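In what follows, chain A forms one complex with chain B and a second complex with chain C.
On to the complex of A and B.
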């Protein structure tokens, strides 16, 4: 296969050979099809250097075959079609791209596990759809450097887009629907160094879930609607690196997350009817979001109750410990009594300058099963709202100055009643009435853009420039 | 069906892990009471026996003290083996418990004479294997890793 190093080298090769691409001997062997190998037209910018384009199915019958034949820096370019594959990627710094987001479809047929599973650093996936997988549409795990752009993931049995134990990431221009856990998930990382930007997540159990993640983790400029619950950072000892902390949630539109007919895991049932729910979330910043129309709370800070836990809440001085340092920790020695029920309280969160309305219980809420809510160190300020629980929440826990109220009991959430309430049961993800996604925007220049591996992510975000979003038309 | 690099495993036997009531999936495998009180290395020595065991890679025999009754715990949480690496004496029984909410398996990177598939390792289940020969035994969960990346672990058995 001709190795393309730069546009000038492409031109030189064309002149020398007098043809676009010769069907030369295939030194790469493997699964290359007998079709003419592609010569890339090169490109400029980040794709400069030593890279090839491997086309599917023109050069390789399957995506997996092309991925296996690719070398770091290469571009796997997938032509329109339905691919019944579960692809594993173990070569770093690949760019895997569909030519048309809506017509390059990976279909798991409710039998295959993951559309694309990435276990190599620096892999970018762009411009395609994954549906009907038993677990995840797109899945990165244990990697440094990942990017998902212009992806559609729907009707998958666990998550739509799933980044686990992965750092330095960018998830952008994504549509995710119909998963019982979360449409978008980033978990078990600290510091995560990741950005979620311009995603639409709907008809999932949770629009976003992030267990034990945080640290330079931004969720911005996105829409979470029609899920059981919208944005749900959460803590639990069933994953490493607990608790969740330091996620920044700015400039999102969050509405109508009381959807009763989605697939849903137990946490989604418990959290149903809330827009932004910090379920045992800590030291998060929730700012300048537009949140409306929720059965329970617009922005709620509540404990996450973990039954049969593996550990108790670690002391706060341990919260800044990077995940990587915890991997070989000895197993905690705890009594069964200690682990029977662990409550992960929300601690140290900042909720300010949001516009919240139309909540059944309270636009802003803070609850715990312990009496001293003030000691949790959460604050509320500058929000536009009508109701809070407890009443006068911004006076009880202001972000600036001293409290001007002291009554934490009036209008307080009855958490036990809420947790015990019957919720509409989960509907199997194969059977749920998840709408077929409308056509989603394609990435620019999919045919010609050079590969862009995930070696320079996340992209910078100007948080200060983000304003409260306008209310969408028709809502 | 074992995972092989290059493709995801076909999951024909994996119902979803959560129902409305939490851990919905049961298993025929023994589900022990919640552990952690019996953490790594806490079991008492019950008996010892000297066995002649073949050394890895050649025909030489070395005397290894088999320590009956010693067990070391590894927790399979979502989606990590904790601790990832353990060092044990030959004869130790390693006990993996699925303490997560996901399905997992425990598969040796080399060979197939130990390990447990998903169906025998649902949340709450445990799997035991006694390592009698010194050596390094890498393993992984094929649902959440490959032989070298993701949910992986290593048992180092010393003589």
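On to the complex of A and C.
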């Protein structure tokens, strides 16, 4: 791989050599941590204290070379520069960190696939940017333990930050934009045991997508705006561990997700104009979010129709089986008729104490092709809203007590209007007018903080302490 | 999930189909590829394309002793075809490649003889022609999302009522052969060429080698099924996954390769290599009558592969993804995609 040289590299190299002792970068003033391959400071990391720092490019010319040379527990520290690399990580418990989030840039040049692809457990990536990759900025697959912190991912061809078939994760302090699929994605896991905290996802096809994921999966304290659709947990048998269930969405700001000029996969086109859309999502908790300005629904619970499916919806008694168990289940023989159309209905969701406004069709909506919508077991309570579909939704399906209304037909959600209205076509991710991200906050003490492999994630979240966010200034 | 009673399923499906199929958004979705939307019931056109090519002299046909081993044949659902199943179950890496061009060329079977073959749709390297060799393709411009994949993939062109139907895209899945120990899979050698399927077939081929399908459906067919607009027609070819360890090609272009059986390669072809499953997606739905492959009929499904990847990248994908049993990517082929 090649690397584009940066003037800051020279400074970084001098710093590393101690030639400018006392000097510091933009953000860090602490002492330099060990900088040579042989160094071992017995530092205050969360491991056993026996770790090294491998600097790029001071010690290793490429990130890949440093990652390949690193041993579990080590810190790969990347100095400012633009790195045209697609890095694979196959060593466990590494911490890969940029010295400056905005100036350590992995650039795929619209030719390389993934900025960093992690196939080993416990790997943390911190404080850097990945852009212009044909598939993903940062990608973990098939791992236990992952963490992405202070990451910027923009203008990538599939996802910004992507965790697939991975459990025990933390994605935090992330900016993601310009992807046709999701800015942030966690899929094919149950229980996922993962937290998404303090992310800003905008100008994507989907702000968040999670196919067949859930189970102690929290999305909190984050902003999803200016995507085609905002937060979209969804189900389908084209991947394993269906259906999506048990995602907890609390304390997020979700607005303006009707953006017409983003790249967008087909599902993003279908979901366009919705803030929080549970598309065949189940047993999710959506609480204390601020949701406004959407062409269709603020919070919508809708069926996801899957034609020519691989399988049918599993019986609910199987929903608590971990993905690790169900993934090896033989695919049952089904008739063509059974698979021709599978409807993933939204079931058992709790929509409570949200503040929702400015929705074209309805602030709160529940739709299905089932005649008996009540049988789906969703509930709505304590929300602040102007419109619902059907009308009186909180009376029809309260979270507390018995229903005080029974008319599900008046003002029923018009699925045709929701799903069939014409949408502006996708724009290629390379060509879309995705804004260059403004400078994003750096992690504290990138130069001096010890490595922190993803062995203790997710971090605890005090859900009860989260309140409905304030409306952002200027909106 | 509340089950839909069987008696209501048909009506429900019709209602939903009415919702979706009448929707402009689905039209824009289904037709999002290069070729736009094509309904197989569209107006007639002159049946004037050049089918057949060489009058049966091609070496695609005839598998000798190295053909597929006992896969299901015919219209039934294929148990082994189901092995594709939901993605995420089996280690894989995938590459999506746009349709590059169509030409009556075949650089394997009719090397150096432009215009000798039936019409093929080419994917991958944009420079594939009758004179191409693996070495000439490496590093060329490519339609593949992974720009390090400069291999050549091709399949016979599909015609509808005599007019070629430009494919939407090609998708290459690279996986261990069914039941093969993933840790034993070796990268393809540089310059390997592989052909799969029988271009002379008029009877159903084994469904685990060559089959039609709708969208991501696991249900495989010998003849094109009637697909819904949200899950358009595709054709899938599974390549042999065992190499003899010596030859990059052979006189019949086939005998240097063989299929594994019950998770093992035969002694004659002892080297397990990735099983390439190549799908061609078409913007075709509805009545499948009037469809025909350039190689004749709809049962002559076949495909060809010239291994011209950037070798280091290919080796990395095999070592990183297949040997370590990781899913290094899934193809966005959900029903509406």
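Simple rule for what comes next: the second predicted complex is superposed on the first by the 428 of 475 C-alpha atoms of A that agree within 3 Å, B and C clash if a C-alpha of one lies under 4 Å from a C-alpha of the other, contacts with A are read in each partner's own complex, and residues count from 1 in each chain.
The criterion applied here is as follows: a residue touches a chain if its C-beta (ideal position, glycine included) is under 8 Å from a C-beta of that chain, and two chains touch if they have at least 3 such contacts.
Just so it is clear, the structure is predicted and the values come from calculations on it, not from any experiment.
Asker: Fit or clash for chain B plus chain C once both are placed on chain A?
Answerer: Pair status: clash.
Asker: With the two complexes superposed on chain A, say which partner A:339 touches: chain B (first), chain C (second), both, or neither.
Answerer: both
Asker: Applying the document's definition of touch, where does A:457 land relative to chain B and chain C: first, second, both, or neither?
Answerer: neither
Asker: Per the overlay, which chain contacts more chain A residues, chain B or chain C?
Answerer: C
Asker: Regarding the shared-chain residue A:468, is it in contact with chain B (first), chain C (second), both, or neither?
Answerer: In the superposition, A:468 contacts neither chain B nor chain C.
Asker: When the two structures are overlaid on chain A, which partner does A:112 contact: first (chain B), second (chain C), both, or neither?
Answerer: A:112: touches chain B and chain C.
Asker: Could you look at A:291 and tell me whether it touches chain B, chain C, both or neither (first, second, both, neither)?
Answerer: Neither partner.
Asker: If you stack the two complexes on chain A, which partner ends up touching A:68: first (chain B), second (chain C), both, or neither?
Answerer: So A:68 only meets chain B here.
Asker: With the two complexes superposed on chain A, say which partner A:87 touches: chain B (first), chain C (second), both, or neither.
Answerer: first
Asker: Is A:313 touching anything from chain B or chain C once the two structures are fitted on A? First, second, both or neither.
Answerer: Touch partner of A:313: chain C, not chain B.
Asker: Going by the contact definition given at the top, which residues of chain A touch chain B in one complex and chain C in the other?
Answerer: Touching chain B in the first complex and chain C in the second, residues 88, 90, 111-113, 117, 119, 134-135, 141-142, 157-158, 164-165, 188, 237-240, 265-267, 269, 307-308, 310, 327-328, 331, 333, 336, 339, 423, 425-426 of chain A appear in both lists.
Asker: Please output the residues of chain A touching chain B within their complex, sorted ascending.
Answerer: 64, 68, 85-88, 90, 111-114, 117, 119-120, 134-135, 141-143, 157-158, 164-165, 180, 188, 237-240, 265-267, 269, 307-308, 310, 327-336, 339, 423, 425-426, 428-429
Asker: Provide the residue numbers of chain C that touch chain A in the complex, in ascending order.
Answerer: 1-4, 9, 12-13, 15-17, 19-20, 22-26, 28-29, 32, 77, 79, 82, 85-89, 145-148, 213-219, 227-228, 230-231, 316, 320-321, 324-330, 332-337
Asker: Can you list the chain B residues touching chain A in their complex?
Answerer: Of all residues in chain B, those touching chain A are 5-12, 14, 16-22, 33-34, 36-37, 39-40, 73, 75, 77-80, 82-85, 99-101, 143-146, 149-151.
Asker: Where on chain A is chain C touching in the complex?
Answerer: Chain A residues touching chain C: 88, 90, 110-113, 117, 119, 134-135, 141-142, 157-158, 164-165, 181, 188, 236-243, 265-267, 269-270, 282, 305-311, 313-316, 327-328, 331, 333, 336-337, 339-341, 343-345, 347, 369-370, 372, 375-376, 415-416, 419-423, 425-426.
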